[in-house]
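Next up: the structures, one after another.
Next come two complexes built around subunit A: one with subunit B, the other with subunit C.
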Partner chain A sequence: MNIYIQAAAQISAQEPMGNAWFQRPLRFTERYVRSIDPNFKEYINPMEARRMGKILKRALATSLEVVRKTGIDHPDAIITGTGLGCIENTEKFLTAMVRDGEMYLQPTYFMQSTHNTISSQIALHLKCNKYNTTYAQRGISFESSLLDAYMQFELGKIKSALVAGHDEMTPDYFVLLDKINYWKKGEVNEAVLRKSDSLGSFAGEASSCFMLENKKTDLTICELKGVDLFFNPSPLRMKEAIEELLSKHNLHINDIDVVLTGINGDKDNDVVYHQFQQHFFPETPMAWYKHLFGESFTATGLATYIAATAIQKQILPVDYLYNRTSTLNGLKKILIYNHFQNKDHALILLSSC
Partner chain B sequence: MNETIVVSGMGIITGLGYGKEATITALRSKRSGIGKMHYLNTIHADYPVGEVKMSDEKMREFLGIPADKIITRTPLLGIMAIKEAIKEAQLEEKRPRRIAFINGTTVGGMEKSEQYYPEFVNTEAYIAAHDCGTSCEAIAETFEGFDLITTISTACSSAANAIILGANLLKTGRVDAAVVGGTECLSKFHLNGFSTLMILDKEACKPFDANRVGLNLGEGAAYLVLEKQSDAKRRGITPLCKLSGYANTCDAFHQTASSPDGQGAYLAMRDALEDAKLKPEDIDYINAHGTGTQNNDVSEGMAIVRIFNENIPPVSSTKSFTGHTTSAAGSVESVISILALQHDFIPANLNFTTPMPELSFTPVKDNVTKKLHHVLSNSFGFGGNDSACIFSKIE
Partner chain C sequence: MEALILELKKEIIEVLNLEEIKPEDIDENAPLFGEGLGLDSIDALELIVLMEKNYGIKLNNASEGRDIFKSVRVMAEYIEKNRTK
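Moving on to the complex of A and B:
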C-alpha cells in the first residue's frame, strides 16, 4: 500500500495558493498575522461566497484548487481537521445570544457554526456522497484527519482522499487566548522566537488542503509514509514509535534528512522539541516554520505543505533551518514532529518517490 | 485485517439515569427521561428536555473531582459514562497493550463559555476549556494509559463516527482496544440554535408521527469498548456483541436539512449492510435516528423504505425516551441497541399515534419481546453527515 500527495494548496500568512514564496518567505513582527486571501471570485461564485465566513471560503477555494489540479472531483473521503471550527460564526451567534438575552436570534450563524460545516460544505459543493468527517483535537486536528485517511487506504476502503486543516483566528478569540498566555506580550521577531525565554508565540491562521491517492502519477509531489498520534507518551514510547515507523519502511535514523518541528518561541513548547531532537535525532538537521506563519491549531497542515514542497523542489532554504546556516539539498525523507502542550504528539513521515 | 470487532463493555448516562441497569429499566417500563428543565439557566425553560438529573457538583462529588478543578459538564458526563464502560470491559484489571480513546462532541465547553462570554472575568481558565479537544483530554486523563486520543465533531453523528474510527484503528492494528463514543451537555447555544431553526417541540417529541412538531434536546454520554474478538478471548472477557458493519456517507444536499429521498441515509444503511455482509432481511430491529422533526423523519423513513421495501423490520426512535443527545446520540443509541440485543427486547417509540402518509411503515408503539440477531443504529448530523452501525449477537 502506497499513499501519494498529488496536489496541495494553502492559504496562510504567505502568498496564497502557489508556492512562489517558498524560497523567499515573508517575515513578521506583529503578534497577530491574518492570512493573505486569494481572489475568491476565481474559485467561488460570489452569490455562494456571500453567505460564507472566511474559513469556509478558504476551505472551499483550497479544495477546489486540489480538485482542479488532479481532476478528482468525487474523492472517496473528505476529511477536515479544525481546532476551533467555524469560530467566527460561533462568536456571532454567541455574542447576539448573550447581548440580547436569547432573544431575536437568527439561525444563519448557528447553521454554519458547527465544526463539520467545512467538510459538509465541500461535499455539498462537489455533490459528493462519500465518506465525510471532521476532527477537532486541538493541535493535532490535522494529523487526526491524515490518520483517518491513511487507515482507510490501508484497509482498501478508499482510493482517494481530500484531507484538509483549517483554522481562522478572529480578533475576539485572539484576545481571549492572549489572556491565557498564548501570545507574546511585546514585539515578536525571529530573534525573540529563537531565544524562547518567555511564554507565548504569535497568532496566525492556517488553511491547507491535500489530495491523496493510492497511485503514483505525473502529478505526484511526494509519498505519505506514515502518520501516528500519541497521548502523553513516555520517552520510551516515543522511541518505540520512531523505531517502528522507521523499520516498517526499512529506514535508519540517518535516512531522515530533516526533522520539521513546531518550535514557536514559547519556552514550554520549544523545550519539548529540543529534548526530542537530543534523544532521538541528535545528528539530524532541525527545521521550523511557525516563525513564518504564526501559531494555529492546524499549523501542521502548513508543515506538511512545506515538507512536501521541499521534497518536490529538492531544497529546504535556510529560512526554515533552525540550527544550520546553509540550505539543505537533495531531500528524500522529512519527519514532521508536532506536539500540543506536551500532551498530544504526532509524527508524519514524507518521502520522495 | 478482517478480524471480528467485538464490544466488550459499555457505559451510559442520560435523562433515563446513570448506567445500563437504569437505562433498561426505564425502557422496559416506558418511562421517558424527558421533562422539565432543572439545571440549564435559559429563558427557554418551557422546552422539555432529556436532562441528566445530576448537577455538576453532584457529579464532581460522585467522581471525587475537587471543586477547584476546571472542568465543564460535557467531560463530567463523559467521565461518568466511561467509568462504567472501562469497568465492564475490565480494562484496568486485564489491561490491553495500547488503548485509544475517541470522543465525539460539538458543544465542548460551550456551556461555561456562554456563561462567561465575552470577558471571562475571573474565569480565564475556562477559555482553554472551550474547544472540543479539551473535553476529550479531561476525560482521557481520568484513566491512566490511553495511548492515542482524538475528537470527532460531526454534529449529531459524532459518536457514531467515533465508533467507526475506533474500529479502523483496531483493524489496522494500531491499538488493541478502543474506547469510543460521545458526550454532550445541554447548552443555551444549541438550544437557541435549534429554537431559531424552529425544530423544537414544546411537548414530548413524536418521532415518525404525522403530527410531529420537532425534537426535544437531551444530554448524556455513552462509550463502548471495542477490541478484536481474539483479544477479548485472550483477556478472558465475554463480549456483549459484535460490531459487524458500519458506514459513513454524506447527504450533500443542504447544510441543515436532509434530502427528501434520504440519499445520505440510504447510502449509509446500504454500505453498512454491505460491510457487515448482511442482507436487509437479516436486520431484526432499526434504532432510528428519528429526531421527530418534519424533515428528518420523512427523509430517514423514505431511506428505510428504499432499503427494506416490503420487509421493514421493527423501527423505533428512542429519542422519545432520551431526547436528542446530539453528539452523544450515536453511542447512546448504540448502547440501547446492544441492550435490545442482549435482552431480546425492542423498546417502544413513545408518543406515536398517527401514521405518516409518506411512509409504508409505522414505528413500534409498544415494547416487543423478540429474538434479535442483528440491530441497525442510524445517526445523522447537520451537514448531511450520515452514519450507520450494525451490532450482531455472537452466536
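Moving on to the complex of A and C:
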C-alpha cells in the first residue's frame, strides 16, 4: 500500500498558505511568536466564522485549502491532532464562569472549547459524515493522527484522509508554561537556541493540514513511507525500530538524506536528539525547524510540511540545517524524528516518488 | 424605548460576535431568525443567557422565545415589561 501526500497547507509564524517563505524564512528574537493569519474571509463566510476562535478558523482555512487543491471534498477520514484543543474558547468559558459565579454560561464558548471541535467543524463545513477522530496526546498528537490514517490505509479501510495538527498559544497559557520553564527567560535568537545550555525554548503556534491518498497523481508532493510511535524505548528498541522501518522499504541508514529533528534550544530536550544522531545516524545531516516556528504541541505537522516541501523542491536551504553550512540538494528521503519529554518518540519517513 | 432598542442591538452584536454589523444595520422590526439577521438555534440560547444576565429575565419555557425573539423591537418591549434589573 502506497500513501501519498497530495496537498499541504500551513498557518504559522511564517507566511501562511504558501511556500515563498521556504527559502527565506523569517527569524525571531521574541519569546512568544503568534501565527500570521491569512484573510479568513477568503475561506469562510463571516456569519459562519463569527463563532469560531482562531484555531477553528485556521483549521477550516487550511482544510479548505487542501480540499481546493485536490478536489477531495469528502475524504474517507478527517483526523486531527491537537495538544491543547480550543484553549482560547476554554479560557473564555472558564473566565466567564468565574466572573459570573457559575451563572449565565455561554453555550457557544462551551460547545467550542473541546478538543474534538476541530475535526467536527471541518466535517460540518464539508458535510462529510465519514470517519472523524481527534487525538489529544500532547507532544505527539499530530503523529498519532498520522499513524491512525497510515494504519487505516494499510488495512484498506480508506482511500483518502485529511490529517491535521492544530495548536494555538494564548497569552495566559504562555504565562502558565513560562512558570514551569517551558520558555527561555531572556532574548531568544538562533545562536541562543543552538547553544542548548539552558532550559526552555520560545513559544509558537502550529496549524498544518495534509490530504493523503492511496494513488499517485500529478499533484503528489511526496510519499509517506512510514509512521512509528514508541513509549520509553530503550536504545536497542529504537535501533530495531529504525532498522525495521528502513528494511521494510529496502532502505539503509545511508539512504536517509537528512534527519529533521525537534531541536528547540532546551538543553534537556536537545540532548536526546544529539544522542539519537550519534547512535543511529552519525554521518547523516541533521536539520531543525523550531528556531523558525517556535515550540508547539503539534509542531511536527510543520516538520512534515517542511520535509514534504523540501522533497518536492529538491532542496533544503541552509536555514534548516543544524550541522551543515551549505544547502542540501537532490533530497529523496527525509526522516522526521520527534520526542516529547523523552517519553514519547515518533518517526515519520517521507520519500520522493 | 428607542434607547433600549439601541442598547439591545449593541448587546446582540457583542454576544453573537456579529463583527461586520453595526447597530444601524439591524432593522428593529425585521425577524431575528430565518430572514433578517439569519440567526439560528445556538444564537437563541445566547439570547436567553443575555436576557437573564443583563435584565434578570429568566425564560422558564423555551417555547416563549419564539414570540419574544421575533424582532429587536418585540424583545425590547418584553424586556421593558419584565425586567428585574
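Following the convention adopted for this analysis, the second predicted complex is superposed on the first by the 353 of 353 C-alpha atoms of A that agree within 3 Å, B and C clash if a C-alpha of one lies under 4 Å from a C-alpha of the other, contacts with A are read in each partner's own complex, and residues count from 1 in each chain.
Throughout what follows, contacts are C-beta pairs under 8 Å (C-beta built on N, C-alpha and C of every residue); 3 or more make two chains touch, one makes a residue touch a chain.
Computed from a prediction, not measured in an experiment: that's the story for all the values here.
Q: In the superposed arrangement, does A:26 touch subunit B (first), subunit C (second), both or neither?
A: After superposing on A, A:26 lies clear of both subunit B and subunit C.
Q: On subunit A, which partner touches more residues: subunit B or subunit C?
A: The partner that reaches more residues of subunit A in the superposed model: B.
Q: So, does A:148 touch the first partner subunit B, the second partner subunit C, both, or neither?
A: first
Q: Who does A:100 touch here: subunit B (first), subunit C (second), both, or neither?
A: It touches subunit C, and subunit B stays clear.
Q: Considering only the touch criterion stated at the top, classify A:111 as touching first (subunit B), second (subunit C), both, or neither.
A: both
Q: Once the shared chain is lined up, is A:136 touching subunit B (first), subunit C (second), both, or neither of them?
A: In the superposition, A:136 touches subunit B alone.
Q: By the touch definition at the top of the document, which applies to A:318: first (subunit B), second (subunit C), both, or neither?
A: Neither subunit B nor subunit C is touched by A:318.
Q: Between subunit B (first) and subunit C (second), which, if any, makes contact with A:46: first, second, both or neither?
A: second
Q: Can you list the residues of subunit A that touch subunit B in one structure and subunit C in the other?
A: Touching subunit B and subunit C on subunit A: residues 103, 105-107, 111.
Q: If we count contacts the way the header does, which residues on subunit C are in touch with subunit A in the complex?
A: 15-20, 38, 42, 45-46, 49, 52-53
Q: Could you list, by residue number, the parts of subunit B that touch subunit A in their complex?
A: Its residues touching subunit A are 1, 42-44, 101, 106, 108, 113-114, 117-118, 120, 124-125, 127-128, 131-134, 136-137, 140, 146-155, 161, 165, 168-169, 171-172, 174, 188-190, 192-193, 195-197, 248-256, 263-264, 267, 381-385.
Q: What part of subunit A is in contact with subunit B in the complex they form?
A: Interface residues on the subunit A side: 78, 83-85, 90, 93-95, 97-98, 101-103, 105-107, 110-117, 119-121, 123-124, 126-138, 140-141, 144, 147-148, 151-152, 154-155, 172, 176-177, 179-180, 228-233, 237, 297, 343-344.
Q: Would you mind writing out the residues of subunit A in touch with subunit C in their complex?
A: Counting only subunit A, the residues touching subunit C are 46-47, 50-51, 100, 103-108, 111.
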